[in-house]
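Think of it as A, B, C and D in the order they're written, each chain with its own count starting at 1.
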Amino acid sequence: MIVVMNPDASKDDVSRITDKLKRMGYGVHLSIGERRTIIGVIGQRREEAAQALEAMSQVERVVFITRPFKLAGREFHPDDTVINLGHTTIGGSELIVMAGPCAVEGEAQLMEAANTVKEAGAQVFRAGAFKPRTSPYSFQGLEIKGLEYLDRVRSETGLLIVTEVMDQFTVSEVAACADILQVGARNMQNYFLLRELGRIRKPVLLKRGLSATVEEWLMAAEYILNGGNYEVILCERGIRTFEPYTRNTLDLSAVPLVKQLSPLPVIVDPSHGTGHSSLVPAMSKAAVAAGADGLMIEVHPNPEEALSDGPQSLNPAQFKTLIRDLKGVALNAGRLL
Amino acid sequence: MIVVMNPDASKDDVSRITDKLKRMGYGVHLSIGERRTIIGVIGQRREEAAQALEAMSQVERVVFITRPFKLAGREFHPDDTVINLGHTTIGGSELIVMAGPCAVEGEAQLMEAANTVKEAGAQVFRAGAFKPRTSPYSFQGLEIKGLEYLDRVRSETGLLIVTEVMDQFTVSEVAACADILQVGARNMQNYFLLRELGRIRKPVLLKRGLSATVEEWLMAAEYILNGGNYEVILCERGIRTFEPYTRNTLDLSAVPLVKQLSPLPVIVDPSHGTGHSSLVPAMSKAAVAAGADGLMIEVHPNPEEALSDGPQSLNPAQFKTLIRDLKGVALNAGRLL
Amino acid sequence: MIVVMNPDASKDDVSRITDKLKRMGYGVHLSIGERRTIIGVIGQRREEAAQALEAMSQVERVVFITRPFKLAGREFHPDDTVINLGHTTIGGSELIVMAGPCAVEGEAQLMEAANTVKEAGAQVFRAGAFKPRTSPYSFQGLEIKGLEYLDRVRSETGLLIVTEVMDQFTVSEVAACADILQVGARNMQNYFLLRELGRIRKPVLLKRGLSATVEEWLMAAEYILNGGNYEVILCERGIRTFEPYTRNTLDLSAVPLVKQLSPLPVIVDPSHGTGHSSLVPAMSKAAVAAGADGLMIEVHPNPEEALSDGPQSLNPAQFKTLIRDLKGVALNAGRLL
Amino acid sequence: MIVVMNPDASKDDVSRITDKLKRMGYGVHLSIGERRTIIGVIGQRREEAAQALEAMSQVERVVFITRPFKLAGREFHPDDTVINLGHTTIGGSELIVMAGPCAVEGEAQLMEAANTVKEAGAQVFRAGAFKPRTSPYSFQGLEIKGLEYLDRVRSETGLLIVTEVMDQFTVSEVAACADILQVGARNMQNYFLLRELGRIRKPVLLKRGLSATVEEWLMAAEYILNGGNYEVILCERGIRTFEPYTRNTLDLSAVPLVKQLSPLPVIVDPSHGTGHSSLVPAMSKAAVAAGADGLMIEVHPNPEEALSDGPQSLNPAQFKTLIRDLKGVALNAGRLL
C-alpha cells in the first residue's frame, strides 16, 4: 500500500500515520517530495488497514500496489488448474461444452434435451432445478424433484451434470446429484454459500456477477479456494451496460485477462451473455478463439415452449450445426472438441 | 404486451402466433400496417408468455405495456404506505434518521455509538452483526454475539434497531432483536430470503442492488409484499457506474421516481452512496430536498479505528452538525426532524 | 507517479527503467520490497511518460499520485471562482437560474418564453440556435437566424443569454450574441472548440459528457483555462447508466465532489438529467441543497407543441411554482434567489 | 409508434391525442383494454412527434415499434455493402487489416512502421496526424505535416491510408491524402462533420462512441448515408463500463448484432478496446471468429518510445506472429487473409 498525504499535511500528521502503521506491524518507507509526502507501507495488504488509514485526517488516499487475491492468482500458483472429471478435463487441452435447457421443466423434456446434447457432442448437461426469477409470479423451478430427474439423466446418459445451488443449506443435496455445482450471477457474493462450497470436494462453477469487476469475481473464487476446494471454474456470462439491444454485454476480454491473472479455467455462457439465440453461434466461436476453456449453452427441444429463456435457447438442429462449426475454431485455438 | 412481427412475416406466421395466444388464454387485437403487423395482447402480463412468443420465428420482439409490479405499484395502491414503529412513523410527516457504525465491533464501541446518535437526534440505530465482505481475509462480523449487544442497545437507550439479515435461516434470530430487518444490496435478489421475509410481520429495509434497475428493485419488494408483509422500506444506496472518484453513484432521482411509481417509503444511504464522509452532509441534504422519507448514515465514535467503512463514517461532532443543519432542509421539504 | 515492477523483474530490469526515467529528467526513489520493487518518480506528471513506462517489459503498471488537472484544481487555486456578469454573479452568494426552451423555434415562441422566465425570476435565458440531434431527420435548429432572435430577447428583456456553440468556426458569431457560450455534452472533448474558447474573454458553460468521469470533465475545463479564459462554469447534466426509466442518471454527488477538487462554479441541469418534467422540481431542490451554484431548466410556453424535449420541459405555471419553492431551499443553502 | 395512456385517462384525453395525431398526418388505431387505452400510430416514425405526444397530459409513454435508422438498416438494404478499394474489398470475402502507430511522430518512425506492417501483410496503414488528447499538456499531433508524411507512405509503399479527420473544415485536406477517413469515438456525434462526410465520395470509418448504443451508432452512420456517401465502415472500439482492469470493454457482440441490423461492414479495434497489448492477440482472433470484416491494430516500431498508446501497441515481431496466427482463424470464418 501507498499512503498519499495531502499537500498541506504537516510533519506531525505524517508521524501520526507512520506511528499507527508501526503499531499495526507494518514497515514504513518515507518519500518526501516537493509538494507532498508519500508513505510506502511494507507488509501484507489488508482492506481494514487501508480503510482505517484513509479515515485519518490529512490522508488524501491509499493506493494498493498488490492485487487482493492470493490463492486465485497466478503469482502464487503459476500453473494452470486442470480439473479431472469423468473421462474429461476442464482447463486442459479439451474444449468442454455444457449444454441443456434453462430449467428442469419435466422428466420427458429433460431426457429429450439430454439425448440431444449428448448426441451433438456435449460432455456436460446443464439444467436448473432451483431458479432465481426476477418476478414472484414466474415459474420458480421444480426444486428437489428436479434434482431427481437430473440424477436419472446422469445414470441413463452418462453425461456429467452441472446445476445451480442457491444457498448453503442445500449444498449437500445438490452435491449428491451434480458433478459440478453452479453459483449463479446473483449469488456471486453470497459469502455463506461460498464458504460452504469451500468445504466440499466437487468442482464449483462460479458465474460472474451482473456488475462484478474481474477483481471481485476472483475474490469470490478466493472464498472457495480459501476453504480448501481448489476446483473452481469461472464463467463469464455478460455484464450490465447501457446497451439495450442485448440482454447483457458479453465481456470476452475477461477470458484472456483472467487467464493472465489466475490459473483457474474460464468458460463462457453466450446464451445469457447476449439473450438472443441468433447471436449465440458467433459469440461461441469468438469465445473459443479468445481462449475460453469451454462453453455453457442453452439448448431446448422446443424453445417456443420453454418455461424460461426461450429467446436465447438454441433448438437441437442449431446446436448440432454450432458444434460442427466449432470444431475448426477449437482446433485453431489448440483445443480438442 | 405487444408482439411486433418481422416485416416479412406471412399471414400464416401471424396466425400461428395468434392461435398460440388464444390457447394461452389471451385476447388478441390485430393491427396490420403497411410494413409490418403488430399484435396487441390483452390479458395479464407474464414473463414466460413473452419469452415463449419471442422465441417464435418471425417475431421481432415483444414489448411490455404495463409495469411488472402490482402490489409494489401505485396503480393498485394509490396511497402512501406509512409504517408505525414505536413513537415514530416511516413514510409519513417525520424524517427518519437511522445512524450508527458499519459493524458491531464490541460492546463498548456499540454503546458509545448508540448514545452519540441518540443524543444527536436519530430515532433508529444501525450496526451490522453479520457482515458481507468482498475479501475472505476481512473482518466478518460478530454474528450472534453482535445481536446480543444490539439487544442491550435497544433496552438501554430506547432506540429502534435496524440490522442486516443475510439468509432465510437466521430471519427469526434477527427478528427477535431487530425492529427493522435490513436486506443488503448483494442480497436484493436472494429470493429465498425475500420469501421468508414475506412471512414475518416486521418492517423490512430493502437496499437497492449494486446494479439493479428501479423495476428490479420494486420486483424484489413485490416478493415480500406478495407474502403478506406490506411494510417494506426501500433504500437507495448508490449504483455502479464508470466514475472512480466515488465508491458508487448515488441515484437521487430514484427518490421522486419511486415515489411516483410506488406507495412505499424511500430512504437514502449517502455513506455507501458516496464512500467519502466529506460528501455525506451535502448528499444528506440533497436527499431530503428530493423528498426522501429518511436517511441511513454511518457514524462511528472514532472512524480512524473502525474495523470497516471508516472513510465514509462521520464522527460524533460531524453527525451532530449535520442533524442541526438538516432541520431547516426538512422543514422546507414539509418534514419534521 | 509510481512504477510497480513485476514480481520477477530483475535488477537489470529495474536499472533499465530508472535509467530511462533519469534521461527523461525525473528524480527516482527506489523501494525494494520482499516480493516486488516499486519506483517512486519525482517530477511533473505526464501521460506520455507514464505510457512509455507502462510499455516497458517487466513493468506491471504505473500509478498516478497527483491529479492531472492544474488550473482547474483547488491545489493551485484555493479560492472559489466568482464570475461577474451584468447585475449578477455566478459562483458567489446568488443562486443563478438559467431557463428557457430547448431550441429557438421562432420569434414569437422565443419572446413568450423569455417573458415567462423573466417574470418568474430567472436571470439567464437559454435556447439553442444550433441543435445537435441524434437523427438526421429531426429538426436541426434555426442556426444564424436563431442567434438574431436571441439578440432581440437580450435587448428587449435585459436577460442574459446562454446558447450552444458547436464548433470553433462559429465561436465569434455566437459570442457576438451570447453572454455565456455553452459547450454541449457531445462536444465536451472537442478539443479544437475548447482551445478556441480559451482565446475569448466570455464565460463558457461546459456540460459534462454523457459518460465523462469527473477527471475528464475537469481536464476539458483545463483546455479552456490553459488558453487564458478563466471563466468556466461546469454543468452536471446526467450520465449514462443501465437505468432505463430516466433519460440519464443525474449525478448530484458530482456537485460537492467538484467543489472539493476545483474552484469553478457548478450548476445542474435536471431537465436533461432526468428527461421527465415530473422529476425536475424534486431534482432542482436537491441540486441546490447539494450546493449547486445554479440551475439550468427547460421551460416552454407549451411543451406539447415543442419541437424538441417537450417531455422534460416545464410549462410556465410549473416553473413559477418551482421558483417560489426554491427560495426556501436556497436560503437554507446560504444562497439568494 | 404506440401511445400508452394512463389508466385514469378519460375518453376526452384519448380524443385530444387522436385529434392531434390526425392533424400531424398519422393514422390511428385504437385498442381499449380493461385497464388502459393504447393508441397505435400508423405513419413514419419521428422523434419530434413522439416527444410532443409524451409531453401531453395523461400519456404514460410512447413506445417505438420500428427502428429509427433507414439507410443504415437491412430492412431497406438487405444485401451486404462491399467497398472496393485499390486491390482489396471491405465487407466482402477478404479480411482487411489496418495497422500502424497511434500517431504520426516523425518521418523515420512512420516509414519504419509502414514497412513493418506491409511486410507482415496488412493492406491499410493507420496513423493519426490530428490527435484528440484528454490533456492539453499531451502531444497533440503533427497535423498538416503529418498528412504529408502519410502521403509519402502511400506513394512509397502502396499501402492504403486511413487517418482521422477532426472537423468539417479539414475534410478536403484529409481526403486529399487518405483513402479512408476516420471519425474518432469522441466525434461520433459531431453532426457537422458527419454531414460534410456525406458530401464526399470516399469511404468513412466511423468509430463507435465511448458510450454510444448500437442504435445511436447506426444513426450517426445514417447522417453520412443520408448525404449520399454510402461507403461507411463501422468500427467497434470498446465501450465504457465499470471494469477498471481494461481501458474499455470491447463489445464483440456488436459485430453479429450490427451484421443482423445493417448491411455495413464492421471492423474491430482491439488495441483501444482493451488498452493492453497482451490482450490484443486473443481479442483479434475472437473478433474474426465473431464475423468481423477486419481489424484495426496499433503497431509501433518501438512501443517503449511511442509518444502515445505505447502500452496497447504491438511491436513488429508480435504483429507478425499475430497475422500468422490469424490466417487459420480467418479461414474458419470463411475469410481470406
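What we mean here is this: a contact is a pair of C-beta atoms (placed from the backbone, for glycine too) under 8 Å apart; a residue touches a chain by one contact, two chains touch by 3 or more.
Given the structure is predicted, the values throughout are model-derived calculations rather than measurements.
Across B-D and A-B, it is A-B that has more C-beta pairs touching.
Of all the chains, the one whose CA centre sits at the greatest distance from that of chain B is D. With centres set at the average Cα position, the gap from chain A to chain B is 26 Å. Computed centre separation for the pair chain B/chain C is 31 angstrom, with centres defined by C-alpha atoms. Chain centres here are Cα means. That of chain B falls 38 Å from that of chain D. Taken residue by residue, chain D touches two or more other chains at 211, 240-242, 244, whereas all remaining positions touch fewer.
On the chain B side of its complex with chain D, the touching residues are 2, 4, 7, 29, 31, 33-36, 38, 40, 42, 63, 65-66, 75, 240-242, 244.
Interface of chain C with chain D (complex): residues 20, 46-48, 51-52, 54-56, 68, 132-140, 166-169, 186-187, 189-192, 195, 210-211, 216, 219, 222-223, 226, 240, 277, 303-311, 313. Taken together, the chain A residues at the contact with chain D in this complex read 211, 213-215, 239, 241-246, 249-253, 255-257, 260, 273-274, 278-279, 282-283, 285-291, 328-329, 332-333.
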